[in-house]
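Next come the structures, one after another.
Note that subunit A is present in both complexes that follow, paired respectively with subunit B and with subunit C.
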Partner chain A sequence: MTAAALATRTRATLLPGLPPLLACLALLLAWQLYARTLSMGGIPDALSTIRELPAILGDRESLADILDSIRRMAIGFAIALAFSVPLGLFMGRSRTVAAMVNPLLMITYPVPKAALMPIIMLWFGVGDASKLLVIVLGVSLPVIYHAYQGARAVEEKMLWSARAMGMSGPARLARIVLPASLPEILVGCRTGIVLALITMITSEMIARQTGAGNILFNALDMAQYETVYAMILVISALGIVLDMLFEYVRGLLTGWAEPRHDLLAPSL
Partner chain B sequence: MIAISGVTKTFQRRGGGTHLAIDSIDLQVAEGEFVSILGPSGCGKSTLLYIVGGFVPPSRGSITVSGRPVTGPGPDRGPVFQEFALFPWKTVLGNVAYGLREAGMRKREAERQAEALIARVGLKGYESFYPKELSGGMKQRVAIARTLAYNPAILLMDEPFGALDAHTRVRLQNELLELWERDRKTVLFVTHAVDEAVFLSDRVVVMSRQPGRIKAIVDIDLPRPRHRDELLLQSRYQHLVIELERMIEDPPEEIRP
Partner chain C sequence: MTALARNEALIGAIPILGLLLGWQAAVSAGVAPSALLPSPVAVFGRVAQNLGDPDFLGHTAVTLYRLFVGFLIALAIGVPLGLAGATNRIAGAALKPLVRVLAPVPKIALYPALILSLGFDDASKIVLVTADALFPILLATFQGAAMVEPKLVWSARAAGTSPAGTLLKVILPATLPSILTGSRIALVVACIVVFLAEMITSTDGLGYLLVRAARNFQTVDMFVPLIAISAIGLLLNGALALTRKKLLVGFPEED
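And now, the complex of A and B:
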């Protein structure tokens, strides 16, 4: 390998990790300086917040709470995917199904799902079921929408080619429409992950029993601001890790696709 | 082999009204014959081909293939579209083997046959490439191989070389002719390039526009096997090209109210 080639390679492999890291450090620094100079009672500085982290992550009960949140989020996400993807694909390929489902989506899209939490709790109690349902609602809408758009845009000649090979309608939906819309479906999934995180925390805020949100809002009630901020850090880190994991899976699943430009998925 | 009788297609237009795309097309194509449909843009060439393929129903008239009426697509008629329409999530090998796997062939055997075809269209070594990694000409070769793979008796080709540069186009024309001379499939070939139609075909169907009707059917009485360099020098070839060019150059008729 020539020196120039090596240089471009190192630049390419180093750069993607570096800017986000610098941004995080800058943010922590700004936080530290702000808390130190303008110190108001409610804001702990960055260092003491970070020092609080081992206490939370080392505490068996808190850790169990956080894992419980992740478990609920994963189950809710999986349930949402299981019905949203087929529903979206059906809508994309059948005008009748789309005409039936679209008005329902229009009504539910602008409603903040966490705002439904009190009503849902009346029906399903304060346990897992209510929290799961809110997560499922949050995740399913963007996934349905993007699966719908993806299925609608499938090139007709591709479906015709499959028909000429003798492929039946249901088989075309599963083996042509699904893979062809996969890049678009994954855009919906990415939004879905963010919404799952948000609905997970807010559901735990409203129905306090377990979970990361429970720790956060209990600490807030008791004015333990270090814990509050440390939990915010933990949740953010969870979001970043999930997103990185998702991007990795996306690369595995849709490496074949033409690169695309999305508002939500800028590629570095 | 293919009998098209009285086929008419009227499209419903948005906001009411209808548009007569093709009108009373009668055409017979014999087994092993290479027939081109030549006409200006919008004269309904694709529409006619889609109807023969069974992808689009005719408004009136009927199609039979080997005596059986066409009611939908089937593996006896293999389409090759101008848009390639490859499966982007499949490799070259996966695309070409797709129809064989669909017909129930074991994976090993399907891939073996696909590999042989890929070599025949000159893409040996590209088996593991994805469509996005191929040039336009290579994609079209894969599309042709994918259709040839499940061995349809009839090929329906819609301007397969329309999107290619002149050089690639000539190469693929030569390759198509070579393939055809080997297994003499029945081919219905849509094009708007006069020289392409004359070079490849036994007969050329000239269509007029608004609505699409058959204007003339010209026999291409040039000996086979044909070689481009020899053909270009023949006065019979030149004569045919000029005759056909005059026919489609006629001023387009206006849409009648």
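And now, the complex of A and C:
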């Protein structure tokens, strides 16, 4: 390795946030140049969109809408985790349970969860219940799947040792299978976060009541194009911040594990 | 099929059948009016009836067209970019942070901007499908190409293969399993996204059929496009798994 390459590498490890930040700036710059030169008008440039942000985030009503979205997403995510992780771990340790649940998972996996919204709205109305339900449905499948994969790969010897030391079945699940599967479960969570965002926005677009998706699509219908672009910026930033936050939490929880090749997960 | 596998298949059918029976029982018991909850018999009957309906097949064809064009563009962009990122240090340094920033952005939020710049027709939907399908393919290609055994590349180079030849004849085939895995994920995502885009603004396609049925309060017809798009997702997934098996004899199976 040359000295220059070594220097770059050291700098990159010292400032892990720098390259993504530069990428953000480059994207905004590209947008600015495109809007100023190539576009036929109609597309607001990056600078004027950023100038629009204080108006949205400073407005009490739209800020409440955005926070409402985040609240729903957090609750839906928590509910999904609460039952998906135990179910996945249980499937991973019992062949019968796995054989029972797997076909159901397989046929429900490609169902577009957010598209269930119009039907679910017939049953539960346009309020929180319907939106929470589609978020829970969207998040739970990848989490169950990855918890299952994680639990299946747990080293048998560790379980035998625990049993030999007199640990009961539920205790083994909580104290050995859960920690050992944690890196894999977190891969599922990462996919879950992305899906939670997508289902959140789409559900709010279909049941226009509150939320970030509601502001975005109402602005589109009312031809308030600055607001449309500013909301896209807000939602994108939300996705990026959640992803970084997740990486941080994962570092804390599974710093001991080998870094995983799961770049795939965020886009599933 | 071994006895064990047969038993497992039987066990696996239990929850699915249970769900269908529970659904039918709820309808028969009159839990909800049939306008809100049609019976599974009515729903699957309507699906079967629609399979012979040219109007329905036309909408399905429109959806499939958008799905495949978007997916193929994603494949045409994602594979070369992934290979470049993995084999060229400068390309990799530029690509990684961009992907890190763009991959977690919920692409559906970009759809209004796409409508404004590309119009309500096919173009905006195809670009949205491409945006969503691109990242699984790009990332899978990148990871696959980065993990190719360096000795294979060295041997090819030592034997006189040009750098471009090495890329085409050594790295690309070795990356194929990853590309197929990425494509499988991308296809399922593409099915979901094309449907949602058609629900948001469209005058044709399966997503539009759902919205039209919802507007007219025809509950049975709301289930049909949903079942159709899920079946398409399942079929494409199965077809790709089969392709993988045919193309990559000897590679370990994934599940």
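Note that in this section the second predicted complex is superposed on the first by the 246 of 268 C-alpha atoms of A that agree within 3 Å, B and C clash if a C-alpha of one lies under 4 Å from a C-alpha of the other, contacts with A are read in each partner's own complex, and residues count from 1 in each chain.
Convention: a residue touches a chain if its C-beta (ideal position, glycine included) is under 8 Å from a C-beta of that chain, and two chains touch if they have at least 3 such contacts.
Just so it is clear, the structure is predicted and the values come from calculations on it, not from any experiment.
Once the two complexes are overlaid on the shared chain, A:N102 sits against subunit C while remaining clear of subunit B.
Between subunit B and subunit C, the partner in contact with more residues of subunit A is C. When both complexes are overlaid on chain A, the residue A:M158 reaches subunit B alone and has no touch with subunit C. Of the two partner chains, subunit B is the only one touched by A:L182; subunit C is not.
Residue contacts after overlaying the shared chain place A:A23 against subunit C, while subunit B stays out of touching range. No residue of subunit A is contacted both by subunit B in one complex and by subunit C in the other.
Those residues of subunit C that touch subunit A in the shared complex are 7-9, 11-16, 19, 32, 36-37, 93, 96-106, 108-110, 112-113, 115-117, 132, 135-136, 139-140, 142-143, 147, 181-182, 185, 188-189, 191-192, 195-196, 199-200, 207, 210-211, 214, 219, 222-223, 226, 229-230, 232-234, 237. Residues 8, 19-20, 22-24, 26-27, 39, 42-43, 95-96, 99-104, 106-112, 114-116, 118-119, 122-123, 193-194, 197-198, 201-202, 205-206, 213, 216-217, 219-220, 225, 228-229, 231-232, 235-236, 239-240, 242-243, 261, 263-264, 266-268 of subunit A are the ones touching subunit C in the complex. Interface of subunit A with subunit B (complex): residues 155, 157-158, 160-167, 176, 179-180, 182, 254-258. Those residues of subunit B lying in contact with subunit A across their complex are 53, 55, 72-75, 77-79, 81, 83, 85-90, 98-99, 102-103, 130-132, 146-147, 150, 152.
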